[in-house]
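After the structure tokens below, expect a handful of questions from me.
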Amino acid sequence: MVSGLAKDAIIQIVDFVTKAIELISDEEKEAMIDLLLKARRDGKKIFVVGAGRSGLVVKAFAMRLLHMDFDVYVIGETITPPVRKDDILIAVSGSGRTKTVVAVAETAKSIGAKVIAITTYPDSPLGKVADVIVRIPGRTKLAIEEDYLLRQMRGIHEPLAPLGTLFEITTLIFLDGVVVELMNKLGITEEDMKEKHANVE
Amino acid sequence: MVSGLAKDAIIQIVDFVTKAIELISDEEKEAMIDLLLKARRDGKKIFVVGAGRSGLVVKAFAMRLLHMDFDVYVIGETITPPVRKDDILIAVSGSGRTKTVVAVAETAKSIGAKVIAITTYPDSPLGKVADVIVRIPGRTKLAIEEDYLLRQMRGIHEPLAPLGTLFEITTLIFLDGVVVELMNKLGITEEDMKEKHANVE
Amino acid sequence: MVSGLAKDAIIQIVDFVTKAIELISDEEKEAMIDLLLKARRDGKKIFVVGAGRSGLVVKAFAMRLLHMDFDVYVIGETITPPVRKDDILIAVSGSGRTKTVVAVAETAKSIGAKVIAITTYPDSPLGKVADVIVRIPGRTKLAIEEDYLLRQMRGIHEPLAPLGTLFEITTLIFLDGVVVELMNKLGITEEDMKEKHANVE
Amino acid sequence: MVSGLAKDAIIQIVDFVTKAIELISDEEKEAMIDLLLKARRDGKKIFVVGAGRSGLVVKAFAMRLLHMDFDVYVIGETITPPVRKDDILIAVSGSGRTKTVVAVAETAKSIGAKVIAITTYPDSPLGKVADVIVRIPGRTKLAIEEDYLLRQMRGIHEPLAPLGTLFEITTLIFLDGVVVELMNKLGITEEDMKEKHANVE
């Protein structure tokens, strides 16, 4: 059984995600799902973008969209077709201020694509360009205080989930929740997804 | 507040991770941490490898190693120096059978690098080549039965965490727990890590 | 005007490519083009794989295939669908011995995909698994002798095109020649290709 | 022997590169080399950035810098440390207008890094932010006219080197010329470079 600080950190992350469920808006989730389903129905493409660990999180979601037969691409990878009117861009940035992510969102928007921003800050530059915002809590004041108490008890000084960890993991798990709703609405089985999974890797 | 299947899926994932803490071995975690700290002390390099979403998870960990001033590289990216004797390879594969990951682990091993395998299956080809194995539970029989009951109640047929989702997220959160232990043992603060975080992105 | 060793190196590279035209087989080129056109006609996918600079070269070709509306993917990037019977894998390796490239080619072959190997060594493990081989000269004995004389004159000791440089550049330019033939056979204009070029980058 | 349009295209590319030697400035090349050598001497980092095929070209150069023991990184890949004052950013963009590349160059510049721009257009947004510009000819008026005559003769309508092909290949070969000068100035042998080449791939 994992013990020590690793255990404390895992529990804190898990607690945070559990509380985040209360804070993430069902309306925002539904708006995101509606846009994705409409794009799929209309033969539109989905593009994803993010930097650092947020970029990894949105790529993990993109893989599942591929497994559900969406026409999906990662901005910046080799195979990236042009963005067209009514395509979707999913942009993930906790701060909403990552420079290249904002630049990509602005360009996509100017072409007529719909931008879904996943961010803690709806008033950020990324939030401002978005058609749909899904607000994911980051390390809030609450979390920081609890974290402080927990650390007092353990006699340590540093946070148990440094930098953007809580935002990144919450976003990943939230998006895996969205995957299940998409599967259900589209009547896609796990077996169908296996069929679309890379077999040469 | 997130509701519906997305909520069920998130709760199932979070429950799974909580239970996984009981199942992941503290000795295996300590063996991994010892190898990483020794490599850092001896000026050795850390390499990471994984395919698909497991690849994304190990890249997320590699970023944090970079933030803690480890000399870390991703096999297959542009900047990959040669592997030397006593360097470390961290290889992530739920099944332990991903072909290119096993090929990379075998080559690294033959050069004299130490292989840390993160997998559900210690008897897999990857497990067999490893110096240290960290067993991470995947969707076990237990999980599948609970999942079945939960789905019965909701009247749905498909799993709430398809394919490797539980393994991938559990691994990510476990590795973020390892990060906190490394920070503590090395006396690294969050502020130190911010200093090492990419500032052009 | 560029002078010095850089100029010598550029001229040597350019001379090498010019001579390589004599050595690359038109039949092999035609066989490659036929397979690609057939795959496109039959709605099959093209996959590409390569390591290091050879990987970059084959990605450059993959981008042009995308611009010509082929259904093309890079093994190992985020968006990689499964390989099916009669899909095409283009594998680039000068030595034909790069471990992960050979592993990928073998797996693709076992699934029933057609493998196009671009290599200097047709008898290599990669060559042996290939349906079509395009032999691209590397630094041949001839080149090495000329290189030696040129270096004697300049009073330097090291080659003007180290490691796989000549193979990599020759392959890139050869593949750009293949692009023009594909454009012509498919009636695709540069304007068509611009339309398919990434517009968010 | 390669014949047909592929041969014509290869010859046109090779001719273009040969002429480009006359047009690329030795002073610009020297300024680039001086900056790189100074950075290496002072323990500074080199970063590279580019989009699409220009991105692949600058990654190919980055690999060779790694082989020559420069401390080099690719913006946007997993392992990217922060940019500091007096680090170097090499940015490649034919048009000098690629949005994310310009955003990266501006941010790097604001941090105090030196920007080397490789572009056809010194007056472009990228050129304006650069400390050193290396002008690489693209498809110039001259080339277009010759191309036209060549196509007349062949009875074809489309260019033999579509889109950015001539810029991309000329840049790649020019940078491979720079590699040889760096090797020579640093006393690095091909054998040394082999020692730094990835051995697990």
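Going in written order, the chains are labelled A, B, C and D, and every chain counts its residues from 1.
Convention: a residue touches a chain if its C-beta (ideal position, glycine included) is under 8 Å from a C-beta of that chain, and two chains touch if they have at least 3 such contacts.
Note that the structure is predicted; figures quoted are calculated from it, not measured.
By residue number, over half of the touching pairs seen at A-C are also found at B-D, the match among B-D, A-D or A-B. The interface holding more C-beta pairs in contact, when B-D is weighed against C-D, is C-D.
Centres computed as Cα averages put chain B at a distance of 36 Å from chain D.
One finds 19 Å separating the Cα centroids of chain C and chain D.
Multi-chain contact residues, meaning those touching two or more other chains, occur in chain A at positions 51, 59, 63, 76, 99-100, 104, 107, 197-198, 200-201. Chain C makes touch with chain D in their complex at residues 1-11, 13-14, 17-18, 21-26, 29, 51-53, 56-57, 59-60, 63-64, 67, 98-100, 156-163, 165, 168-169, 172-174, 176-181, 183-184, 188-190, 193-194, 197-198, 200-201.
The touching residues of chain D, counted against chain B in their complex, run 47, 59, 62-63, 66, 72-83, 89, 104, 107-108, 111, 195-201. The part of chain A that touches chain D in the complex is made up of residues 51, 76, 99-100, 103-104, 107.
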